[in-house]
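This is the structure I want to talk about, given as structure tokens.
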Amino acid sequence: MEWLDNYWSTYNTLVYSIGVHALLALSIWLTLACGLLSLANAAFMGIGAYVSALLSLQAGWPFAAVLAAAGVVPALVALIIGIPTLRLSGVYLAMATLAFGEVVRIIVLNLEITGGPEGLNGIPQSTQGWHILAILAFTIYGLARLRRSRVGRAFESIREDDVAASLMGIDVARHKLFAFVLGATIAGVAGGLNAHFTFFISPREYGFENAVDILTMAILGGIGSLVGPMRGATILTLLPELLRFLHEFRGVFNGIVLVLVVLFLPKGLWEPRRIKALFARGGRA
Amino acid sequence: MLAISKLGKHFGGLSVLEDVSFDVPAGGIFGLIGPNGAGKTTVFNLITGLLKPSAGNISFEGRDLAGLAPHSVTRLGIARTFQNIRIFKEMTLLENVMIGMHQHLAYGPVALFLNSPACRAAEAEARQRALELLSWVRLDHRAEMLADNLSYGDQRKLEFARALATKPRLLLLDEPVAGMNPAEKTVLMEEIRNICQRGFGVFLIEHDMRFVMGLCDRVAVLNFGRIIAEGSPDEIRNNPDVIEAYLGREDEGQAS
Amino acid sequence: MLSQQLLNALTLGSVYALFALGFTLVFGVLAVINLSHGAVFMVGSYAALFLVTRFEMPLWLALLAAMAVSGMLGLLIDVLILKPLRARNAPHLIPMIATIGVAITLSSSAQGIFGAEILRFPEGTIPAGEFIIGDVHVRAIEIGIVGIAFTLMAVLFLAIRRTQLGRALRAIAESPKAASLLGINVEGLFHGTSFVAAALGGAAGVLIGLDFNAITPLMGQPILHKGIAVIILGGMGDIRGALIAGMFLGFAEVMSKAYLSSQLGDAVAFGLLFLILLVRPSGMFGRVLERKA
Amino acid sequence: MSFPRKTLFLAAAAMLAGGALAADIKIGVAEALSGGAAQYGVAIRNGFQVAADEINAKGGVNGNKIQLVIEDEQGKKEEAINVFKKLIFQDKVLMIFGPTLSNSMFAAGPVANGAKIVAFGTSNTAGGITDIGPYIFRNSVMESDVLPVTVATAVKHYGIKKVAVIYGNDDAFTKSGYDVFKKVLADQKLAVTSTETYVKGDVDFKAQLTKIKAGEPDAVVCSCLAEEAANIMLQSRSLGIKAPFIGGNGFNSPKLFEISRLAGEGTFVGSPWSNVNPAPVNVNFVNAYKQKYNADPNQFAAQAYDALHIAAMALKSVKLSGNLEAARQALRDALPKVSISGATGPFKFRPAVTKDGKPGGFDADQTPFIYIVQGGKFTLYTGKK
């Protein structure tokens, strides 16, 4: 069994990363499900990561409490900025959340307690595989329940036509805020988990590129189901490992994949409903 | 039931509605007619809270609607359809109708998460009710179909069922027969009568005179943002102002 | 010091405006936030550098060639990516995401081909002229950038306001469907706009590459973020707004660095962007332009 | 579209370069070969390659050839961890060089330390790196060893009383350099007229420099990476600032003075390496590098080059019995004893003093050379005006 041990020792971080990325992709799925493009999830992840790391390093909180804080603090921030921001729609919201993310990054960069650009190191390695698994399972179950409920239907109706949804008696603003805050919570917990298996965090991990990475995972996998974002997270986490042979041109491949998926697979890599519809309508996509 | 008084709306310098007053009585079918661009849809948008009035007020069953968000207006018991059908195309018919029941489905997050019996029962009941509403408009056999695949006329009927799901006391129909052929119009007229007979108040706006005259109990006429006449279909038919302002051109419109 | 800082602000503002010009044009006409504009800008810079160093092309010719290269790139992006998405009537966020993919592809390609190292135009590519007025130092290239930014703005502004073509573009900006009913060749103008906008982006890349001597595969990224701020502040699609907002951002940034703390430069830019979006989503000067389908 | 073919070609070439040598001693190289940090990572990899070719051409270490297992860690911490684990558990390398950035070392270093295998940084200058544990080595000289000498020399040369400071505040490398400068300036009782910052990707520094100019400093202290430094120099001259620069480790790039040209005249830089160091081993290295890569080496390449020679020296005393753990441990124990005279001059290790008293790793113990830039070139400072 030595090879198996070796295998696991080599790839456990990779597996952990898949789990954390899946959580992140699900966090953005929530806002996308309401038709909101929020680029703030990387910032929420960062807030969760910093809060949890500081509580571990300086206050010595137990890990469970640390993780809870990693979810609660971003949620509060999301609540505060969400109320004014979510009135915006489409690209304006995307840009406002992008600006918010930059502001968060700059604040973290200039604070004493966060270690500035040098970040925080020596974070205890508290995250175990089963933590990630349990939180991911809990999240998926919760979201699956949500999706099949009045809330999930409301999200979908808002995504399709928020005016019509509001006239069906749905409080659009509250649902959007709920999705935004819940997304921030999940992203924050993901950040807390990530900080506690990588030993080290720094502001550069939570910038625009990372927001785009998270978005790409969800879009690539398809946001028509919960499996989609997780599939996207898995593929995009493994892809760099599988594409090692491409060396300098790996980024080119990533970019092309993103374009191709948007062009030819608008619903992500696999969308059962769409494929069913494809047959039902005799090939008219 | 619905009282509109001295309602005015202007966009920038452009006045769309001025001093509009009329009452929609409880029960029966009320029609607001007028040529295109008279401001009919603006009236609906003001009632449902999509727009804020520049002057005057609107009250429903004695309650002032000023400043209410669209969803709050719906929760008071007013539902509407749209001239350019706005169903949720990527959802099934059943889901479309269940969206309308949103406010009436009460279960908390814990019940939802635990999938408690109460929650399951509420969902099952909503589903039953949605099927029933679909059967009213004879679409129940297509409940699991994506709404996008429906024909134009069926999409309108789905929109009716969805609006009824909010349990309204007053249903606002925005040009329900726009874009339909005479046969479809007749079918839809029947549906509207049915809805009315089930105890829903109906307030519709329309520019197809024949349709309105054959359907409504009471009619108001809007022209250039002002009410120029109100009364029974017969009174309206014979009102010289209406004939001059509207009917003359309506005939041309019908011919085209 | 103030007069020098004002001049610094003017040149920085012009740089932002110059970059934002093509960016806002695409948004105004195509209603797409083209996030590959930063990468196209970078391509322009590299193209000119390549031509100047490899073929010893005179600068003015290299500038034109670089504009052609980046223009073609813009056209290619429109034809291959944006057009199919338009045809599909994809939600407006989709093209934006696609252009992110384009940006990643372009900057990674540049890194693979030219390496990650910082490059500069050979010395003497532009006259190193310098004027000293009292305490204020001005370089020729700075005057060039300010002049070109204002000239291009004026030309574009007038073209859109006064010419038949401009009227057609405005009609498209209002509603592409209505414009095509009026007999306007909408697709053709989309392609043309993409070409011109990308060519302008390429030109900005060359000029800024000349001024700052810092050509890298990722040079488009920071300025893209500033460009987003500029076109939102100025009102998306508003040419005049882009100039004013570019200047505004340049002044805000320079003055906050000069009189508050240099740590605040970016915080000011993005904080402003965030606040303005909340207060006036249509930009400081723009009006709400709900596009009709 | 010629991408696919070109990509395949490059990929094949890279694979050949990495794997064609039939070798016995596997050494991992985890550097950022793509992404923003690639500009250092690629040079570092090249430096290792030059050293490996040289060692193998002479018959290897005790007859065993060195095989470099090169992996791209993209300058990202997760990737660095993944690559470290792959090298440790899959490729079963004897030791690992890298990663490129201090940030990545903070993430991946603990992995190596936990697995009891040497992680040898050649470009990690941040404080606290060797606090990670006793398996962490570096031959990159910390700024705190170099800057006091640089500043003192420049002060003496120019008679400096007051200085202005500019640094990149969003980069771990430049920020930690600034922290050292700040302490050094306080220790040497120099007045600071103003402290300015910029962020990565900035190209316009005129607002900050105008402020600096107003303070009329005798010198400008600059903790910046080469690409920004060149621009800062050019723009300060065009604003009429005549004060000389004092630079940190980031200045140590011929590229910098290639771009800034004469704007950098009179700059003081302290460094373990310069391309004009006349020692034969350095001349050898510079020539071999130029021949192989058709480009000038930089400090990062030089440190990588030396690092592999240091490792080779240690390997001479290590018995490769087939027991990987034992060999790794033996290498770890042999390394601290090595002292060589490399491209960066005489070198030996110094045990790190950690904050909490636990056994730490090993830092570089090197005397920096102080250079003054004259005629666009590094010139060894001799003290003569």
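Labels for the chains are A, B, C and D, by order of writing; each one numbers its residues from 1.
Assume a residue touches a chain if its C-beta (ideal position, glycine included) is under 8 Å from a C-beta of that chain, and two chains touch if they have at least 3 such contacts.
As the structure is a prediction and not an experimental result, all values here were calculated from the model.
Remark: among chain pairs A-B and A-C, A-C carries the greater number of C-beta contacts.
In this assembly, D is the chain whose CA centroid lies farthest from the centroid of chain B. Ranked by how close its C-alpha mean sits to the mean of all protein C-alpha atoms, the top chain is A. Taking each chain's centre as the average of its CA atoms, chain A and chain B sit 40 Å apart. If you average the Cα atoms of chain B and of chain D, the two centres end up 72 Å apart.
Per-chain CA centroids place chain A at a distance of 30 Å from chain C.
Mean C-alpha position of chain C lies 36 Å from that of chain D. For chain A, the set of residues that touch two or more other chains comprises 106, 110, 248-252.
Shared contact sites, meaning residues of chain D that touch two or more other chains, fall at 3, 10, 34, 38, 169, 199. Residue positions of chain C touching 2 or more other chains: 108-109, 111-112, 221, 263, 266.
Across the whole structure, chains are in contact as follows: A-B, A-C, A-D, C-D. Within the complex formed with chain C, the chain A residues making contact are 37, 84-85, 87-88, 90-92, 94-96, 98-100, 102-103, 106-107, 110, 208, 212, 215-216, 219, 248-252, 254-259, 262-263, 266.
Of all residues in chain D, only 3, 10, 34, 36, 38-39, 42, 169, 196-204, 206-208, 210-211, 213-214, 226-228, 230-231, 234, 238-240, 255, 259, 261 touch chain C in the complex they form. Every residue of chain D that touches chain A in the complex is listed here, in rising order: 3, 6-7, 10-11, 14-15, 33-35, 38, 71-72, 74, 76-79, 81-82, 85-86, 88-90, 102-103, 106-107, 109-111, 115, 126, 128, 131, 168-172, 174-176, 199.
If you check the complex, the residues on chain A that touch chain B are 142, 145-146, 149-151, 153-154, 156-157, 160-161, 163-173, 273, 277, 280-281.
By the touch criterion stated above, chain C contacts chain D in their complex at residues 1, 4-5, 8-9, 11-12, 15, 108-109, 111-112, 115-118, 120, 123, 130, 132, 135, 137, 139, 208, 211-214, 216, 218-219, 221-222, 253-254, 257-258, 261-263, 265-266.
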